[in-house]
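Consider the two complexes below, in which chain A is the common component and chain B and chain C are the respective partners.
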Partner chain A sequence: MPAYEFPGGITPPERKDRSNQSPLRNATLPTQVTLPLKQHSGNPAIPCVAINDTVQVGSLIAQRDGMVSANLHASISGTVTQISDNAITIDADGLDRWQVLPSLNWRAEDHQTTIARLDSCGLVGLGGAGFPAYIKAQIADHHRIDTLVVNAAECEPYITADDLALRHYPTEILEGAQMVARLCGAHQIVVGIEDNKPEAIHALKEALSHFQQSDCQHPVSITMKVIETRYPSGGERQLIKKLLNLDVPSGGLPADVGVLCHNPGTLLAALYAVRDGKPLVERIVTLTGDAISTPGNYWVRLGTSIETLLQQVGLANQQLHQVIVGGPMMGLPLTTLDVPVTKTTNCLIAATREELPPAPSESPCIRCGACESVCPVQLLPQQLHWYARAENDATLEKFHLFDCIECGACSYVCPSYIPLVQDYRSAKQRIRVKRIESAKAEHAKHRFEFRQARLARENAEKQARRQARQAQSRQTSDSSKATDSTVQVVDLRSLRIAQTAAKAAVRKAEKTLARAAAEDPSQRHDDLETQLATAQENLKAADTRLAEARATMAQQESP
Partner chain B sequence: MSMMHASQRTTESLNTMPPTAHLMRWVIVATVPGLAAMTFYFGLGVISNVLLAALFALGAEALVLKLRQRPLQPALRDSSAVLTGVLLGASLPPASPWWLLGIGVIAAIVVAKQLYGGLGQNPFNPAMVGYALLLVSFPTYMTLWSPPQPLISENLWVQISGTLPTSTLDALSGATPLDAFKHKGETVLASEFWASQPLPEGTLNAWRNVALAWLAGGLLLIAKRIISWHIPVAMLVSITVLATLFYASDPSHFASPLFHLTTGAAMFGAFFIATDPVSAATSRRGKLFFGAGIGALVMIIRTFGGYPDAVAFAVLLMNLCVPLLDLYTVPRPTGQPKAQQHAKHGDSP
Partner chain C sequence: MGDIFSWWGILSAVGVLTGIGITFGALLGMASVRFKGEENPLVEQIDALLPQTQCGQCGYPGCRPYAEAINQGDALNKCPPGGEATIHALADLLGREPVPLDGEAATEDTVAFIREAECIGCTKCIQACPVDAIIGAAKQMHTVIEDECTGCDLCVAPCPVDCIDMLPRSKPLNQWQPVVTNAPLITSDRQLTRSQHAGL
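Showing the complex of A and B:
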């Protein structure tokens, strides 16, 4: 397969050798974990444990709320000591007792069971946005998927978590890919990997040659494509362009061109969830930077405090300048180290002042166009900068602000040291808030509709209960009244139509929400969640009414 | 937010962009071949022009910054004012009177640049605003290009005294080749004009070599990725095409394309003036239109207008068109539909 090109891109210093020289290790078990209720895109999970409850590793402690959300499990065994508005704290008992779900054979199991397992294990995308994996696995419901892309590019400097995962678990990751490919109906798997990871490439090749002999086990063909190292080739759209020469439409999803993208870490966790029944309670984190003495990749339990974690690997406090979560291009500097590792923490950089110095003060933009030439989306960052500072939102949208993937290539090359991406992010946020404001009336209307639907459902259920009671009493007294059966038949038919319509409405609402959430994983989608809940209430009501009518029919026929 | 920056790299690569101040300094460095050639042919008056203008520019910039109560250091260090001074000094006749330079610099730095908000904010090319102002206000001084002469000549005194001694006016006054050709008269055929030896010996040669020196400096800028090729290439191609058309239609009245490229400010303008990123169109496609527009205007004014050369006016007129060009040359981002759709609403619900 030839490699295609995406425009622009940069080649920043990689600095990956600091963390990829040592094998994958286990971090010391924490004595306490703080598990935030929101480690994923969408709504926070709702706690389902109480203070002083004893939990084991893998016990469900919070349930997903709405569709775009994820379950949360205890990552150590011990006692729940605190439940706040946004986190659950567990003190370890030091025993590390596990509670796993029964093992599933994904090759034999039907899709629904496997997807339900991904859901119950709280699996989210481990690459960055934390999008619930079970929604992605359901994509086959409304999109035709041809290709599953395994995004092993890992293009950001410093990060080597996927690299190490591929070196240690190539077989498992490929099996995970097979499983996901089966769920989404893809008939080819393409692994995209940058050429700066020779060991991982070697491990994958080895695993692939092993697979070729037992083809029946792996029905979907896997190809590996080694691509040139250029940031941001790991961007979903850039990778798809590079591997398959497909352009994901603006405002669209890879699914629109028949592609589903997954990160190797996610595939590994997905396999563990299904094959071993292991909920998502730990992940591989790259600990790197010049301010720590033993950099490398570690299996870390979720909820471990970043401060204790860094101290374990030899943090030199006096040299520390800043700690960055994520990569140096798209990550965020921490203001405090008293925060836990979450499902989306792929890398922690404890940087000294020398390695990542603060940017010099910015000077005016001279429109030199350096940013334009590195933009992988072919935007005009210099113009966006101008309009972002002027808060000219209409023009910003005209210049396609929302096509910006925030990769930071423009800031990287800007000779005036302008923090361009920061400007775009705040401009996007401002426009989003405006949109939400303007949709408020609409949202209120949807909430009202939801209430109506809930009342209607409750009524229907009440009615059904009454009917059932009546039927029972009728049966005992054996005094059947003559009812008009033709009316019942017509009624049954229209009820069945209503139920089908309600089902379609639920599916449509799910699809809309899944799309919106995948496009914009960082936002909450309350309005769409409400609409989905309304549709679900309507469906329940329709189900109840239909069941009730059927029961009545049966009764009339049986005497 | 990017915590890394290209300038912090330890190893150089083609992708690296130096800070803004370095860009400015590189442009100044790239003027050296052109200035050296000019000095060689037209005397030390060229150097003194440039030095004086640069000095004035720094002074004017500092003064305005002081009045605007802005920090002096960063603005003066970025060398943008010096660059404007150098470019203005290079475009004026060698050894121009000091006050002429002063007025030009004030128009360039104070009016065209700082009154619009300083670096990055000016819609017009500052050096060309200064030049155009001088050209319309002091045509006598602006059209007196001395013929090629030794390094040190008496007209250096003109610069200091600031007046033109009437007795030596004839010795001083020379016409540029463009000027001479423009005023050859309707009835004189081009061949007759050249046969009459209208210019002092070596003039054409001097201008051609100066143009080649500017070209060398320009190529250096492109090689160092300080400027992109789009504007100079578009401008020179457009001049060549139009000049060829005119020449082909009537060689007895119009000058050859080579003449147009190698005399006047065509080369200098293409690489050093039109490429000012602040006042030029910004997208790659926009730059092509911008450069081509300048080339076309240069040819139109040179051929049909009242001035022998026209780079300054052409650049300023195209500066006016930049907002329009920028609006209509927005590249199609990856993933956007092929048909240009402006004002897309609700593309991400």
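Showing the complex of A and C:
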């Protein structure tokens, strides 16, 4: 298969050999873990244990809240000591007792069972975004998936977690890929790997040749494609372009072009969850940087404090300049080491000052265009920079800010040392918060309108009742007087028009709601329902007024 | 001969143009009757810019009535929850001069909280709430639905036992915003940092 090209890209120093020389090891079991309730994209999980509960490794401690969320399990056996708004703390008893689910044979089970297992094991994408894996496995319901891409590119400098996982567990990862391919109905699996990982490529080749001898068990064909090392080839869209020459549309998903992308670590964890019934309680983390003495890759229990973890591998505090979670390009520097390892922590860099010096203070943009030529999404970083600083949000969206993958290539090449990605990230978040706020305002508006309509309806009904009472008393006293009937006629006509308009509004609201429900049945349409209720209230009020006017008319005509 | 011809030309041109004018005028007239908008689109646009807290601090019973009043020429600066941002947005939309806010801007996002032990169940706050965010019944305890509350504090005044507090609203994690400190472009220590960098 030929390799295609994505635009832009850079080749920063790799520095991967510091952590990929030693084999995969187990980190020491922590004495205490702090498990944040939000380690994934979506809603935080809801705790389902109480303080002083005894838990084992793999016990469910928090349940997912809504669709986009994930279960959370205890990563050590011991006692729950603290439950705060954001995290659950467990003190270890040192016994490391496991509580695993029954093993499933994914080749025989139906899809629903396997997907339910991925859900109950709290599996999320381990590459960085932490998107719940069970939703991704259900993609076949909405899209036709042709290819499963195993994203083993691992393009960021320093990180070698996927490299080591592939070296140690190539068979398991390929089996996990087969399982996910079966779930999503893919016809082929393509493994994309950068050419800077010869050992992993070798291990994969061996596993593949082993598979070909027993291909009845592995119905989906697997191809491995070695690509040149260039950052950010591990970006989902970039890898799909490079392997399959498909362009994922702006604002779309890889599923729109029939592709599903998974990280090898996720596939490994998925297989463990299904085959062995092991919930997601540990992951491979790259511990690297010049400030630690034994860098390498470690199996780390989730919730382990980063500080104790780094102490175990020989952290030299006086040399330490900063600790970065993730890679040097997209990672975040930590302000405190008192934070736990989460489901999405793939790498910790304890860097010295010489290794990753602080960026010099920025100078004005000279419009050299260097950022534009390295942007893998072909955006205009310098334009985005101006508009982001000016907080010109409408124009930012017009310039496709939300297509930015925050790879950091533009900041890397900027001769004025402008922290461009930082600007984009804060601008994106600002726009997101604005959207949430305007949605809230819209919601309040609909509720206010509904209340107004309800009050108007109640008023009209009260009025009608009063009229009826008056009419009754008038009938009994039998002293009706002739009133001006022409005014009544005009009144009746306008009331009829109002009633017809209200009827049309109800029909329109019903149609809108039905259309929205058909388009997206999984979503709730509270606002549209409120609008429909408002229209119905208005109709009721109009009906009442009309009936009242008619009754008055009838009375005037009868004598 | 030439004169007659040119007269004919002018008359025919006038005739054709008048005909076109009448045809299109009739079309436009019909369209304006047939596709008549029910409401004033400008009021809708003004309403969209208001924060929809329905707090009534502008002196109107809700955001929509204030939007209508602005359209009639009322001042732009009567909305404390919207603050300066709303005034500027309104000034932009209407082409008026932005004026300073009349009153104090809302400093933080608040939410009403009923101390339930003290509530006597009088339903006065329920009647005051513009967005139906309080549930309860006569002689039963009332409580505020936090997600629906706009923080307008209209329920505080009617409460006969003063059991309603306005508390700061807790921000969910997905509304967290990074604190950006953009270094000023001219810094006194520019020379220092540059020499440091050159040394590395």
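Assorted remarks:
Everything below uses one rule, namely that the second predicted complex is superposed on the first by the 440 of 559 C-alpha atoms of A that agree within 3 Å, B and C clash if a C-alpha of one lies under 4 Å from a C-alpha of the other, contacts with A are read in each partner's own complex, and residues count from 1 in each chain.
Note that a contact is a pair of C-beta atoms (placed from the backbone, for glycine too) under 8 Å apart; a residue touches a chain by one contact, two chains touch by 3 or more.
Computed from a predicted model, the values in this text were never measured in an experiment.
Touch criterion met: A:Ser361 reaches chain B and chain C at once.
Using the contact criterion defined above for the overlaid structures, shared-chain residue A:Val421 touches chain B, although it does not reach chain C.
Look at A:Gly258: by the touch rule set out above, it reaches neither chain B nor chain C. Using the contact criterion defined above for the overlaid structures, shared-chain residue A:Gln383 touches chain B, although it does not reach chain C.
Contacts of A:Gly185 after superposition: neither chain B nor chain C is touched. Of the two partner chains, chain B is the only one touched by A:Pro12; chain C is not. In the superposition on chain A, A:Phe448 makes contact with chain C only, while chain B stays out of contact range.
Touching more residues of chain A than its counterpart among chain B and chain C is B. Looking at the shared chain after the overlay, A:Val433 reaches chain C, while chain B stays out of its contact range. Common to the chain B and chain C interfaces on chain A are residues 357, 360-361, 363-364, 422, 425. Those residues of chain C that touch chain A in the complex are listed here as 38, 47, 50-54, 62-64, 130-133, 148, 150, 173-178, 180, 182-183, 185, 187, 189-190, 193-194, 196-197, 200.
Listing the residues of chain A that touch chain C in their complex gives 38, 44, 86, 354, 357, 360-364, 389, 422-423, 425-426, 429-430, 432-433, 436, 440-445, 447-452, 501. By the touch rule above, chain B contacts chain A in their complex via residues 1-11, 13, 15-23, 74, 78, 80, 118-121, 228, 277-278, 280, 282-284, 326, 330-337, 342-345, 347-349. Taken in their complex, chain A has these residues touching chain B: 6-7, 10-13, 157, 237, 241, 247-252, 322, 324, 328-333, 351, 356-357, 359-361, 363-370, 372-374, 376-380, 382-383, 397-400, 402-403, 408-409, 411-417, 419, 421-422, 425, 516, 519-520.
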